[in-house]
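Below, each structure is written out as structure tokens.
In what follows, chain A forms one complex with chain B and a second complex with chain C.
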Partner chain A sequence: MHRKGLDVRSARSSRLLLLAVAVIALLVAPAVLPDYPLSVLTEIVIFSLFVMSLNLLVGYTGLPSLGHSAFFGTGGYAVALLAIRAHLSAIPALIVAVLAGIALALITGPFVLRTSGAYFLILTLSLTQVLFGIVWLWRGMTGGDDGLPGVPRPQLPFLSGVVGSWTNFYYVVLLVVAIAVATLWWVVRSSFGLTLVGIRENERIVEGLGYPTWWTKYIVYILAGGYGALAGGLFAYFKGYVGPGQLSWLTAGEALVMVILGGAGTFWGPVLGATVVLLLRYEVSSFTQRWETILGLVFILAVLFLPEGLARLPDRIRDIRAKGRPAAAPAEQPAAEAVGSTAIAERSEQ
Partner chain B sequence: MPINAASVVIGLSYASLLFLISVGLSVVFGLMRFVNLATGALYLVGGYVAWSVANRTDNFWLALPAGALVALVIGVVIERGFLDRLLGKELMQVSLTLGVAYIVADVTRWIWGGDPLRVRAPEALRGSTRIFGSVVPTYRLALIVIGAILAIVVWYLLERTRWGAYVRAGVDDMEMLECLGVNGRRIFSVVFALGALLCGLGGALGTPVTGVSPGIDSQMLLMALIVVVLGGLGSVLGAIVASGVVGMVDNMVRTFWPEASFFVVWVLVALVLIVRPQGLFGRAV
Partner chain C sequence: MTAPALQLEDITKTIGGLTILDGIPLKVEPGERRAIIGPNGAGKTTLLNVIAGFLPPTRGRVLIFGHDVTRLPAHRRVDVGLMKTNQQPAVLRELTALENVMLALLRGRHRFFGLAGSVDRDHEARRQAMSVLEEWDLLDVAHERVQHLSHGYQRRLELAARFAMRPRLLLLDEPAAGLAADEIPAFLERLQRLPRDMTVILVEHSMRVVFAFADRITVLHHGAVLTEGTPDEVRQDRYAQEAYLSGGTRRKDA
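== the complex of A and B ==
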């Protein structure tokens, strides 16, 4: 018991160190990176937030959504419309984007939450397809399949003139995402966050303990919608454009794979998943046209060898070292369980 | 004359294709809660292989089984290779079958290029036929007949044979079925393989009508998902009825309001699911 406590503590301090290094690296990145790699990094940061918001549903609560692009696209269109038509500045536009995402979740939540598992998967997919159809048809408002070009990239005023516009925008994104991620951390660490894990592990028991599970799921669906729309708004600024592709279920599918690849139900897993997939896309595509095949192989290999995701790779290696073989046989134990117990163990340490 | 025989024929021939790709998806889901997002990829492969065989041999009737068999092989590889690791884990299923779909889409583009390819209908079925006062393509009529025959065969297999009774029992309660001494895993293998075969056959049959090109895989996957949720997961009758409804509605919307064709079927699905989450013929969720 004592030894385990030590382990947890040293693991935590090494994790804090890692986080500090990552933050510093992100802050100084523009000094080292030319514009193109910096724009890839910007996209990774934005997608990390998007995938984290999906992870709230998929990883923490166990609701497999294949329609999260509905929120990503809603946020994008909200920002683009406000920036182009109303010349609204970034902060109010992003706030409205979040509200739009929340509104969409408020309306659709009661319907999609009647189901779970694979039914939830398909119902969320049809939701995003309906939105896709609306955007496609409502040309006057959304530009149809041409989308809305000409979204101006927001800049931090005190940096303009000091650094280039890509660097400046990168810091805008970093700032917004950092605030969002900090609040997400707080959500996940709260008792509400633990209720989510409980629902994923066994909804009936949590309900039996007196927790309002339906409301909990509704609230987390709304939260995920808000964060997803925020990421979508940033993405519209990043592209300078919003089109129906941002709403497409393929975007949602890709985000879902990022969650799985990184580690569903781990806090930082989505960052790893988004980084690996986007780097693969941009780096591999520079030397071979077959990057989709490689991406597909990565998905399959991940299922075979890393069913718990990249984020749990260090744990697995440690387990293998300690016992000479993997401790939690992934075939029998749901990947999720490991997180739940770790989260609870860590909380009891505090 | 908004609705005439021609539009009915076109709608129903599309419905035949939809039935072929969706019935396997539906029963596989019903049996093992397995979501196969590679369904569209199987359709795509069936179409491309059929195109190649038809071009080499100039024999459409050889192209059909060729397309179906290649899809069957891919299906068996998925099922034998990965399925046991994926049972009950929707996320892993999504990741794996999407991975297969990516690879198939990319490799087929590599082999067959990005241009739409089309197979000519067999000699006997070219041209058109007069029916109820309208002129319709003969091949479309043939598609309806083939679809109807296959629907009856599948229905008979599942509803009137002992083996089919096992399948239906498995959809209701797999554990109970296995307790009674039936090897549910083997039944599932057979269903999965047959589903893949029908998917590939659908792709092969569809090439003279829709052609085959990159992107048709995700389009057909979405249509199959629509049919499956509308009909009710695991129900053959549901797949038959929903294919018909979706095929007809889709075609009608295409005629009157072409831009909205994709949208209207999804609204239909959303409305049905809001009222009946289990679909038209599904059991309670």
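== the complex of A and C ==
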């Protein structure tokens, strides 16, 4: 018991240290990275938010979505249309993008949440394909398969002239994503977040404890939609362009691979997944066309040896090193008189 | 006169043309300990699920403390003081024991579906949860994942979490099932010490537990009430004996 407390504390402080190192590294990255690797890092940061929003559904609530690109694309088109047609600046455009994602989730939630498991997967997939079709056919509004080019990248005014435009945009992305991730952290650590994990484990039990589980799922679906659209808006700025590919289920599938590879249901795991997949795509593709083969191999190895994701690697190493030590779980029932007597006595006095 | 803790009127459940429950009447007074027994397939678990709101009845009404809850979903029935345990302990296996109790305690505590409150920072709820765990002798496993706990521990945790919510009507679905024979006396004692302001309905195969615990016993057979009475009356009842007590469906611990 005592030892365990110490373990927990030291694990927490080492995790905080790791986080601090990562934040500092992200802040100073532009000083050491040329434009191209910095753009890869920018994409990793944006995708991190996207896969974290998907993880709310897949990892925390146990709702496997293969249509999260619907929100990613909606956010992208909202930002592109507002920036190009209405010349709206980034903050209002991103807010509208989030609202568009929320609206889409509000409307589609009652349909997709009639199901769970594989049926949820197929329904969300259909949803994003329907949007894909609409965007593809509505050329006048969306540019069809040409998409909408010419989205201007937002810049932080107090940094313009001080740093280059890629660096400036990188800080915009970092700021927005950091704020979003902080709120996501709050969501998963709230009682709402605990309810989500409970629903993933056994929805009926959570319902039996008095929680309106359908509404809980609806709300997390709406939240995931909002965060997904925010990431999509940033991605449109990043590319300077939005096209139907951003809505495609292939994008959703790639995000799902990132979540599972990194560790569904862990907070930072999906970030790890996004980093590995995007680094493979950009680094491996520079010396072979077959980067997806390599990704496939990595995925298979991860599923075989780290089925809970890369984020569990430290736990796995600890488990392997701890092998041979006796298990901590008690195996036997305590004696008869130790039976919640205080609770009952206290209750009967009331 | 106070309303009965539970009143069932003509509860009928048919699934795919098969009648599982056939017009069940039931009346349980506040504070009563009622056991529902009957051979396998008599409809006992289905009946509990209808009462708890997990299954809608085909016909009939469910009243809890005078409130007609027939159309209320399961989670709303908790508001009138109902809680149910399952044959497989209703605990969340990936969570720790503490988190299981916390989830019970945090219901309705934070606004906006719990988004307004942090689990870690609610020291008051955490302290309460720890004291619940202490009362149920689960303190030593507070931070263990439930899937690593033995069945007996899981059963106690299930009850502890439900007790934390202070139910007025507790439904127990075969709580002694899966307990080792030497665990049963302690468990029975725990049940007998439940406060009398709580009404308990027990479905159980262990006759030792049933006859020691219940004020009244209802015998179900083929989805209908065969007989009802005090333990002594039921023990004397010829039909009940034929249907169940001396039948081949008796468990080895009966």
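One rule holds for everything that comes next: the second predicted complex is superposed on the first by the 323 of 350 C-alpha atoms of A that agree within 3 Å, B and C clash if a C-alpha of one lies under 4 Å from a C-alpha of the other, contacts with A are read in each partner's own complex, and residues count from 1 in each chain.
In this section, a residue touches a chain if its C-beta (ideal position, glycine included) is under 8 Å from a C-beta of that chain, and two chains touch if they have at least 3 such contacts.
Predicted model only: the values in this text are computed from it and were never measured.
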item	value
First, second, both or neither for A:T115, with chain B first and chain C second	first
Contacts of A:I222 with chain B and chain C, given as first, second, both or neither	neither
Which of chain B and chain C A:I44 touches, first, second, both or neither	neither
Which of chain B and chain C A:Q129 touches, first, second, both or neither	first
Partner chain(s) touched by A:P212 [first = chain B, second = chain C, both, neither]	second
First (chain B), second (chain C), both or neither touched by A:I260	first
Partner chain in contact with A:V303 - chain B first, chain C second, else both or neither	first
Common ground on chain A, meaning residues reached by chain C in one complex and by chain B in the other	331, 334
Chain A - residues contacting chain B, complex	58, 64, 66, 111, 114-115, 117-119, 121-123, 125-127, 129-130, 132-134, 136-137, 249-250, 253, 256-257, 259-261, 264, 290, 292-293, 295-300, 302-304, 307, 331, 334
Complex contact set, residues of chain C against chain A	52, 54, 73-76, 78-79, 83-84, 86, 90-95, 99, 102-104, 106-110, 112-120, 122, 132, 134-137, 140-141, 143-144, 148-150, 152-153, 156, 159-161, 163, 165-166, 180, 183, 185-187, 189-190, 193-198
Contacting residues of chain B [partner chain A, same complex]	29, 33, 35, 37, 82, 84-86, 89-92, 94-96, 98-103, 105-107, 110, 218, 222, 225-226, 228-229, 233, 259-260, 262-264, 266-267, 269-270, 273-274, 277, 285
Contact footprint of chain C on chain A as seen in their complex	1, 4, 8, 186-187, 189-195, 197-198, 200-202, 204-213, 215-216, 219, 327-348, 350
